[in-house]
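There are two complexes below, and they share chain A, which is joined by chain B in the first and by chain C in the second.
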Partner chain A sequence: MSVNDFWTPFALLPFLNALIIGISLISIWLIAALGLTIIYGTMGVINMAHGEFIMLGAYSTYVLQTLIGIPFLLCLPLSFLILAAIGWVIERGVIRTLYRRPLDTLLATWGLSLILVQGVRLIFGGEPQYVGVPSWLNFQIQADFIHLSGLRLFIIVMAIVMVAVTWFLLYRTTLGICVRAVMQDKEMAASFGIDANRIYSLTFCYGAGLAGVAGSMFGALKTLFPDMGGGYIVEAFLVVVVGGVQLAGSVLSASLLGELNSIFSYFTNDTFARFVLFTLVVVFLRIRPQGLLAEKMTRR
Partner chain B sequence: MNGNIYHNRKAQWAIYLAAFAALALLPIFFDSPFTLNLLARYCVFALLAVSVSLVWGYAGILSLGQAIAFGLAAYGMAMTMQMQYQDPVSDPIPSFMLTNELETLPLVWAPFWSTPIGLILTFGVPTVFFIVFGILMFQARVAGVFVAIMTLAMTAAWYSMAYDMQPFTAGFNGISPPLPFQIFGTEVDPYSAGAYWVCVAFLAVLTLGAKFLMQTKFGLIVQAIRDDAERARFLGYNVAYYQVVVFALSGFLAASAGFCWVLIVQYVSPTSLEIVFSISIVIWAAVGGRTSLLGAIIGAFLVNGMQSFVGDELQQVWMLILGAIFIGVVLFLPRGLAGFFELVLGLFSGRREPQKSDWNTGRTSAVTKESAE
Partner chain C sequence: MLELVDVTSFYGKTPIITNVSLSVPKGACLCVLGRNGVGKTTLLQTIMGLTTRLTGSLRVGGEDTSAQPTHKRAKLGLGYVPQGRRILGKFSVRENIQLGTFARGDGHHAVPEACLEIFPYLKENLDKRAGLLSGGQQQQLAIARALATDPQILLLDEPTEGIQPNIVSEIEHVLQRLNSELNLTLVLTEQHIKIAKKLADLFIIMDAGRIVARGEIGELTDDLLHRYLTI
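Entry: the complex of A and B
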């Protein structure tokens, strides 16, 4: 193995293409991290099963599409609802008793993820499944240096839509004010008549639902495996933590990490880029443990 | 001492010594090489669980990165054993490198020609890595969930390295040294009682050492930091120093487990650096009771014993059971089996009220602090 096998020299057009791949990567990481940001930011719950929620979203899309024949675009809101319902059950059954014990939520949701992976494997088998991509997304944008499939473009658009909707809900509705109030100070919010437990339930449902939508799209992008969720969880957590557990922070950190990752992969390769990126994040968290955009927020 | 006998130090030492004596005597009853090897594997897992118990139960640092030390040491040991097999003149480089088109031995492999240096690297590299990583985290007062996520990310990073650097690590296939480990002119047969005793010796010496350390002033300060890092800091203790030392010690324990692992299985692959494996270690410690080293050992034996007992046909259901056990333990038995024993023994000793200084009851406030940092 010589140096040139490992190190790709710089060339402008392929490099620009790498940057565009980076935008696609940003949208994927952002979509995966969005639900986590909401859940962790509001409730302080480390949901290790978030990747499995994404996986469930993908499988519910598969079921809706293949077995019932519902068109892809309609599967997105439906898997949002399905995952929100599952999230509600899980919040009631497991998470509720573990508030204020974040490390224990981490462990309990890890146990949950084992159950979800194995449950899906028992039902659907371990072999890969596929979600069909609708024909209107079957196009390629090809210019000099741009290669982008219609589906990836769709995911980028959806990332923007999902962030916009979440932003609107959080910052432009009464419910959002309640959520942010609970986020800042649960006791104080409660004394103003906000039912914090209800807010927590709703937040968890919403976060799980977002994972469901994410799963629909990732299912179309890649093959479905029962343990596909594990591939997203670390990146998603890093996006959340680097961003400072905030909506705007997550957007910023996903952009930064996604672009850095595709730049590193351009010069070296995917796995080495991952190593460098994760190491950089660890070093970054040492310098700014509060993340990119954290103000002096009230602690839970 | 009229209190709970669980807290009686003499009783604790007696139980610990009895447990290790029993472990050491097991080869008398089981002479099948397969069973001995299986038991030795449990001992390795138990040592890993002890390393988690030390860092998480005693120091309150939830490390999801124990697999890093385990895996690095396992690779070091496998490289040492592989190079014992190679001949400097006729067969200087391992065969998997040839298939990966390497013509010369890579520089990182060269020191492993010498078994003593190989062993020093096996134990030294993971420990030094944990010291550096610990300094990086604890100097910045990173705590709680952030430690968990940073160690998780680091584990993922090392896994992808081991997986990707195929010419150096044989990638997914892993390294399987053809011959057992040779030291002092003898061969350590992985299926012999001798190899089993090596594992038990490591487990016993390191566990007892950790237990002794946690009873000294150093250990008490570590536990004080776990209960309230801020208060310990105000009392003038260098919190980061104590955290780094405990973290590094747990890394050393996990590295010893990695050494023993390759000694008895003669194989290493990237799975020993996997996140799933790394968190499983935490599960074992949690089931047995993180605040008790012996509890962690029992947890590791119990969970892995059950897994072997369930057998191959039921492996599918096993993960369901494991997940359910884990949720159940977190929800209803946060201090594991050891905590349960403590409770039961407490009922017999007449002092029914729980200890006020108990970590578990004081956890709400400790956790609030953790997320604050």
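Entry: the complex of A and C
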């Protein structure tokens, strides 16, 4: 392999297109990381089954759309509700008994992810399934240098909507005050009448619901198979950890990582870009383990 | 109003305070005295339900609350000003006071005007980040937050600890007013004997997790002080 096969020289328009692909990548990573950020940030629970929640969201959409015939747009809120309900059961049944024991939570949620993958494989089989892209999203934006599918544009818009709704809930509602109070000092929150366990339940439901919506869209973007969750969880964790486990941090780190990945892919290839990105993240975390925006690590 | 009968309270499996019985009538001020590490803070935490568990009975306003979780006790009219203030540093002054309103029965989450009247500094700095306030200002905020719960009983853990003298006297006056004008029941731990004598009607002295002396504040003799408080 000569150097020229490996290295794409700079050209303005294709490079701009790479940046736009980067925005699409940002939106996907951010959507995947959002629920994880909320759950980890509020409860201190590292949910290893988050990728499987995304997978369940995708399969819910597949069932709703293919077997029941519900239109795609309606599948999004329904997937949210289904995953929120599953999240509620899991929080009550497993997570709640393991607060204050982060390592056990890690193991339990990992075990849970294996159960979910195998369960789905038993029910739907290992072969790939498809979520149909609705016809109104079947267009391409093709200006000079921009090539972007309607679905990718839709995902970008949804990422903005999901971040905005989450921000609003956290920072503009009384429920949000409760959540942020519990995040900072659980005992003080309780001393002023806030039921921390209820807040944890709601947070976990909401985070799981977000994963459900993510799954709906990722299902439409790619194929469904039982261990598709693994494909999103690594980037999601990168985004959360680099961002410092908070909403604004995740937006910032998804933006940085997505664009960097895109730029490296442009000059080299996707595999090498991942390699560079992971190396950079490791170096970054060595220098600043608390992430981009967090002031200091607080243990819960 | 507030009644503890034979209360033993545990952190994990270790009892920290043992066989504590006390009763504070409505509108009275009880001062909890004792050296460092004798269980004064634990006593207040026990009342708030922040220890692992307790045996014995704990009544607030006639209701047995010994088995209730912290957030339910808060709603019975307990306003807590913890040791070290424990202001939520990422919250604004306004949000910190709003936190107190979650213990109210009426579902209003606006900052109560009365809290701001008492502490004019807070009124002028509602949108300031609470983490940026000085120690004395944070203590005022902690009291305002406890008052926002619309309490019957205020539990104050070392309200004058590590605070500049002019704010100490301001806090002292505020507590006196709350006690006499609003008829709030006060339970406070205090290192300054002078302040204790000025504010309190009743006192208890603790040593090694037990109550070793009690009475009306007039009965707090130098002999008792010498025996249990000097180091």
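Keep this in mind: the second predicted complex is superposed on the first by the 296 of 300 C-alpha atoms of A that agree within 3 Å, B and C clash if a C-alpha of one lies under 4 Å from a C-alpha of the other, contacts with A are read in each partner's own complex, and residues count from 1 in each chain.
Keep in mind that, in the parts below, a residue touches a chain if its C-beta (ideal position, glycine included) is under 8 Å from a C-beta of that chain, and two chains touch if they have at least 3 such contacts.
Fair warning: this is a prediction, and the values are worked out from it, not measured in the lab.
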### Query
When the two structures are laid over each other on chain A, do chain B and chain C clash or fit?
fit
### Task
Considering only touches as defined above, state whether A:177 meets chain B (first), chain C (second), both or neither.
second
### Message
Going by the contact rule set out at the top, does A:18 touch chain B (first), chain C (second), both, or neither?
### Response
neither
#### Entry: Partner chain(s) touched by A:282 [first = chain B, second = chain C, both, neither]
first
### Query
Angle at chain A, chain B to chain C, CA centres, as a multiple of 10°?
90
### Query
Touching A:271 in the superposition: chain B (first), chain C (second), both, neither?
first
### Query
Looking at the overlay, what does A:236 touch: chain B (first), chain C (second), both, or neither?
neither
### Most chain A residues touched (candidates chain B, chain C)
B
### Touching partner for A:94 - first (chain B), second (chain C), both, neither
first
#### Entry: Partner chain(s) touched by A:121 [first = chain B, second = chain C, both, neither]
first
### Message
Quick check for you: in the superposed arrangement, does A:190 touch first (chain B), second (chain C), both or neither?
### Response
second
### Message
Tell me the contact category for A:110 with respect to chain B and chain C: first, second, both or neither.
### Response
first
#### Entry: Shortest span in Å between Cα atoms of chain B and of chain C, once chain A is used as the common reference
10
### Summary
Residues on chain A touched by both chain B and chain C none
### Query
In the complex formed with chain C, which residues of chain A make contact?
174, 177-178, 180-181, 184-185, 187-196
### chain C residues within the chain A interface of the complex
48-50, 69-71, 74-75, 80, 82, 86, 88-91, 95, 98-100, 102-104, 109, 145, 149
### Task
Write out the stretch or stretches of chain A touching chain B in their complex.
1, 44, 46, 94, 97-98, 100-104, 106-108, 110-115, 117-119, 121-122, 230, 234, 237-238, 241, 269, 271-272, 274-275, 278-279, 281-283, 285-287, 289, 299-300
#### Entry: chain B residues touching chain A - in the complex, by the definition given at the top
62, 100-102, 133, 136-137, 139-142, 144-146, 148-150, 152-154, 156-158, 160-161, 163-164, 167, 275-276, 279, 282-283, 286, 316-317, 319-320, 322-327, 330-331, 334, 363-364, 367-368, 370-373
